[in-house]
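A short write-up of the structure that comes next.
Letters A, B, C and D name the chains as they come in the text, with residue numbers starting at 1 for each one.
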Amino acid sequence: MGSYILKRLGQSLVTVVIVVVSVFMLLRLMPNSGYFTREDYVNMDQAARTAYLRNLGVLDNPFVQLAHFAGGLMKGDLGRSISLYPRSPVSSIIAEKAPYSLCFGLASIIISMSLGLGLGVLMARHKDGFADWMGTLYVTVVRAIPSLIWLFFIQLWISGLMGWPMIFYLDRPVSWILPTISFSLAGLGWYAIWLRRFMVDEENRDYVKFATSKGLPRTRVMRGHILRNAMVVLVQYFPQQILLTIAGSLLIESLYNIPGMGGLLVSAVRQQDNPIVQTIVLLYAVLGVLGVFLGDLLMAFVDPRIKLADCSGKGA
Amino acid sequence: MKKRIAGISLVLALIALGTAGAATLDRFDGTYIAEGSSFRYFYTPTTTDQKVAANTQDGLVEQDRYSRFVPSLAESWSSNPDFTEWTFNLRKGIMWVDSKGAKTAYEITADDFVEGFRHVADPKNGIKNLSKDIRKLIFGLNNYYLDLVDIDSGKKKDITRDKALAAFEGVGVKALDKYTVTYKLNVPTPFFLSFLVMELFLPVEKDFLAQVGPDFGVGKDKLLYSGAYYISDWQRDKQIVFKANPFYWDAKTIKVKTINLQKVTDPNVTVQMFQRGELSQADLAADQVKALAGTKWAASIYSDPPAADRFSVTYWFVQNFSSSNPEWKAFINNLNFRKALSYGIDRVKLNELDDPYKPASVIRNTVIPEGQIYDEKGRDYSDYPGIKEIRAAGNYYNKAKAREYLAKALAELTDGKGNIKGVQAAKVDMKPVAEFQVDGKLPLQMLYVHFNDPTDTKRALLLKAMLEDAFGKENIDVQFGQVIDDMFAESVEPRRFDMIYDNFRFGFADPSAQLGRLITDGGINDGQYSDPEYDKLVDEAAKKYILSERYKIFAKAEALFLDRCYVIPWKMGGSVYTITKVVPFTSPKGGFGITRFKYKGMVVEKDPITVKRYEQLKAAFLKELAAVNTK
Amino acid sequence: MKNDYAQLPVGLFRPAPFDEAAAELTGYAPYSYWRSTFRTFIRNPISVGLLLVIVVFCAMGFLYPVFSNVDPNRVDLETSQWNLSPQSGHPFGTDGLGRDLWARTWHGTRTSMLLGFIIAVLDVGIGMVVGALWGYVRRLDRPMTELYNVLNNVPQPVILVLLPYILRPGFWTIIIALCSTGWIGIARFVRNKVISIRDAEYNVASRCLGTPLHRMISRNVLPYLVSVLIMEAALTIPYSIGSEVYLGFIGLGLPLDTVSLGNLVNLGKNNFMLYPYQLAWPTAIVAAITISFYIVGNRFSDASDPRNHV
Amino acid sequence: MTAITRGAPEGPAILEARELSIGFTLRGRRLAAVRRADLSLRQGETLAIVGESGSGKSVLAKSFLGMLDKNGRVESGSIMFQGQDLARYTSEKEWLAIRGKRIAMIFQDPMTALNPLKTVGEQIREAAALHRGLDRAASRHAVLETLARVGIGESELRYRQYPHEFSGGMRQRAVIAAAVACKPEVLICDEPTTALDVTVQAQILDLIKSLQADLGMSVLFITHDLGVVASVADRVAVMYSGQVIEEGRVDEVFYDPRCPYTWALLASLPQLGVRGEDLYSIKGTPPSAFKTIVGDAFAPRNPGALKVDFEYEPPVFQVSPSHWARTWLLDPRAPAIEAPETVRRLRERMKRRESGASAASGGGGLA
């Protein structure tokens, strides 16, 4: 088992390295002009512009830059931002921003998991009934309509209706409600629809018939057998979901002015702040593969049939 | 040039008038759109950075409510007769303050100004605002800077970097003693004070800078404060809180003790927050003004272009005289066609996109903004003969004249059968912005390049409709190209356009700030036209040191330039409607540098300022201004 | 009748001729997979209603631009014609430049639908071919799995933002950006299906009989996947339309003089306070189209699921 | 022989289906799974239901537990159990008093019948605890006993293990343990040995028999394996197309079958084939449950069908007090049609065996 974990981690490392290196190379396809504004072009001559770029380190050979990045990484130094927040250490930028996304993310995961799984059970339990119908309607709306639209209306109408602030304030808990709800809605639908699907799948299995034939009440069959088994299928996705909450949401964070991670990647790419982009890509890739890995571990933990060594097959 | 001392009594009198009977607050709640890059105040790419620099640091001089240059950290100054050496005497005993508002052991001395400029002048520090103009202005600076650049690039190897840095001794910025700093310039510069209000000339404490090293300005405790406020709280991308600096040299003028700026990107949210009493001020877009019409807020919405911080900006259309589109190249080099273009563009309608109420009030037909520079008799440059008429012309749009000039142009440029003389069918390759085929026949195909954002796209569509209406679709066919972020790099520099518009800030207090870089091969001659007559006039004007003489020739040059339609100015920056609790005309004003971002002296009331009240205050202020200028 | 059997004529008690064909037929209800799928699908009024919505919007989107000569980008120089509320002549009103929202909405519908269709076809097409090979050719499994892991871990914003910069914003850029990551999910899905089918006994048998690979994939494997793929395509369309709206929001959507639903929504959103209808129409249509495709896709998948057939 | 309604039973019926019709709604169409079926299970006996797949055996059995799928329902008829009509049960609560407690069921595939995520012991215990009102310790103890009773050794260890750690036979024992843990009056076995190795089959059958003897249960045995029938059943009911077409004691149905379908079924047994001859197979396919059946459902596949078979459904004819069949051949007006040669041979072979030594043991069945 130890060697299996080592092997898996090794594979994950390869994936992370490929991801980071490919994004690194992609970034170099962007024109350097992004480092200058119109004003800069008026003010600076060619020599000044070149000097500026050289000092940012973006004129170096990409492989030198990559080596530099890797070297810094070994020493725990993620570098400094070059254009978005010039000279601020990337680590401190992320340390400032990540907690916001993380807090909203975790709060929303708790809400969306508990309500979503509850809704999923309700929908599966009353399949084709009213609850199922309403749940499906909800999931359809949330998943089908572009989120920009409904998030916008939630902000506009609910904040007006309730007299809540339209944006987030750290010191006013009432302003936390809408963003948290907004964060939760899509996840809620996701949990509900998948749990329902897995439960309906499980419901047709022989062991459920047998459990019913033993005379167990439906609620107990639901809880003790169907739900439990359906959750096992779902549970492997949890770690990744939880870890990736750190990514935040561009839409929600920009609507509510939450200073989280959501827009950071997009702004950093647009401003060609390579140190930030590289760090975030690295972070997401590590969390991504780690999430899958933890998901498999968790799966092995909850499902007695799975031995860890079998997981390599599951990855396929 | 005479020294000007602030008329403190006048200020006090006005404040007394402005605030009579109204409850004032010691707190201002504002917003900002883009997070600043850092608190390294020498580098201010965003408005937020400029606000930070202006309020946390003071320079040698600043501008007052009337835009006059008044003492700040320098108590007094003098210059030699040909304006090439300027000496500033500092106030004594002013201490740097830290992010807790406590006095530090560091005194603000002449060395701090030298140190600040040393920081700016080192290319390693990437201070983009250190323009060619300034490098060429300060004695010895350009060589110092370029040497360092060459060393960094490996081009120059005969000298070490440390040695080159030591050569700063030779640059014309020096501390004569603890409280005296001098600037030695390459050319006579009577308007040098307008450079000193830029962030580049702010001081920094050498020991502190050495202590924080690369962390300078990355957090509120990674810089020292010399200005009216210090940053007491900061959350990246969320909020900046300024608190009044109790040890400020001019502490008694600070009325508002707390400035709380929140990042709000959606203008609709800003308005809502204002309505809920969460903000002291909200800028309104045209549609929002409309939305508030008929509400109780309507009485407090006004627009004051000269008060807007973008007022000294002028927008103009740039035509590409060296276009790779042969049809356009033939036409644009024809004066009649340029005049036709100028008459064909309805400035009022274009401005209506920004300001549906008073679109005519934001028209600007000149390059140099009005109300910015005055000669020794207090006469506004824009009132000089030649310029004044152009200013007064208002909207140049005239369909009949446009057609008339177009007919002339067509007669000169086409064979009467729709063929453009000397132009063959060709493929115009302006990839990636655009690529199209021209046939050498009418309609004339032109490529208008614009930003891919909602307002610019609207403007482009409107311009197309306008030109096709004025000239007829049989004569002109406007095509579009889009750029995402950077107009210059994507389109202007590689000349991938026939026409674009651009905007330029009036950088320092002399017409040469704009006119000087619009000459043949000038820094912003993006259309690549060439007019020796104009160049000669500009050259001639720059040699005059008596302002009235200088302005007279510049005015002549500008009038000629505008008459020949090398660019088509159409609007001033900053037509913004506001609803505010800030009493107007209480804080510093000025188009140059960063003074206009200062909150110093600002008075905030409990209730929004009504339009009526604003008008009263404005009338009083204009009267004072006239008195101050002609004094 | 039961008690009347005594009255039955004796003649009935004679042997009947045996018809072997009839014997075989007894087992077959008149049944065809696609007909059954179709019948189940159309039996549900909601499915039919939404399918009708799609058809109507498609028809409006594709026919209106052909039959109408109103230019959706025609600017009205008369400012009194700007921001008109819905009225005769302008059933949906006009926008801030006097452009007719009715025309813009249908042109936009066409653009967005086209975008969705092309992305769906490309995603599903590439995903299907690659997925089939991935599943069938064992040697490909390792590299493809790694490619999947990599693509899955490259944050999507990086690609969505980078590509417009590298390729410039445009119709095909969005398509490339969305397809660059979209196909791999479908490919993997197909691959998993193919593997499960590949090892099914009838295919093992077929392989033993020497059926060539391409024939097995096209005859034995793909038909099984068709219903799934149609559903994936149906669900990709609302996703693509939604992505276009999102990209517009961050300023990297289609050029703004291109009329698309995403651009209309984002422009309408800016003016929502003042001219709510400018947001209402495109929003309603985006919602109707995305919901319709989503539900129709799901219903179709239910109807076509072999497990739901007898 | 006259056609009369059902004859008097030999013992009291504990579970009896009368004119039971069960239909499903599938994809908007009605499907008749069970058509007016009659069946009676008597106290202490083993009744086997035989028939091809799809003949409705399992549906019929499930209806006795109220476990029809959601889209299925009893449309008419009755299920009498101890004086109560189960067909009229509508709520889950009513069924909970019966299901598992008084009527238990074991399923075809032991590999899938157990929840893979719960320990085997726990899955048996939950039923025992529920029905016998025992606390955790007591129920655990009871389960350990039951495990031992069904032949699972090391019961303490086995209690804690998961299904995947069990072999197929062991799992089926566990399933049986769970089913009989509450000592039900009726045990329904739905093809309990089909999925098992041949060697294990006999053990399981023996186990069921011995449990039946111990607990005095009545067993309803669903199978298509006539060998199994011969070895365990007292009586047998033959189903075709949702209908019970012949019911009687095993010897009666095997030695003296009356329905053409029963003949065909018996004739197609490989054991009865004659070396060198083609194996008999029933022509055609079973009718689709979607089709409305007129007359005798088997008629289209029956080469010797009468004209009346295509028009009128045959009534029940009593062959002997314990044996009845639904076929027009028993009508006096029908021509005398002989059973096929193979079936007649079977009769002879059976007779020979009966007179032989080991007939009573039956363990080897027909093999």
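The rule is simple: a contact is a pair of C-beta atoms (placed from the backbone, for glycine too) under 8 Å apart; a residue touches a chain by one contact, two chains touch by 3 or more.
Note that the structure is predicted; figures quoted are calculated from it, not measured.
Of all chains present, the one whose mean CA position sits nearest the global mean of protein CA atoms is A.
Ranked by separation of Cα centres from chain B, the top chain is D.
If you average the CA atoms of chain A and of chain C, the two centres end up 26 Å from each other. Averaged C-alpha coordinates put the centre of chain A at 42 Å from the centre of chain B.
Measuring from the averaged C-alpha position of chain B to that of chain D gives a distance of 94 Å. For the pair chain A and chain D, the distance between mean C-alpha positions equals 54 Å.
Annotation for chain A: residues 31, 34, 270 touch two or more other chains. Multi-chain contact residues of chain B (touching two or more other chains) are listed as 485.
In chain D, no residue touches two or more other chains.
Checking each pair of chains for touch leaves A-B, A-C, A-D, B-C, C-D. Contact residues on chain A toward chain C in their complex (touch as defined above): 14-16, 18-19, 22-23, 26-27, 29-31, 34, 140-141, 143-149, 152, 156, 247, 250-251, 265-266, 269-270, 277, 280-281, 284-285, 288-289, 315-316. Those residues of chain D that touch chain C in the complex are listed here as 3, 26-28, 31, 283-288, 290-291, 299-312, 315, 328, 331, 333-335. Taken in their complex, chain A has these residues touching chain B: 31, 33-34, 36-45, 47-48, 50-52, 54-56, 80, 83-89, 92-93, 96-97, 165-167, 170, 254-255, 257-259, 270. Within the complex formed with chain A, the chain D residues making contact are 65, 67, 70, 92, 96, 98-101, 104-107, 109, 112-118, 123, 126-127, 130-131, 162, 164, 175, 178-179, 182. Listed in rising order, the residues of chain A touching chain D in the complex are 127, 205-207, 209-218, 220, 224-225, 228-229, 232, 302-305.
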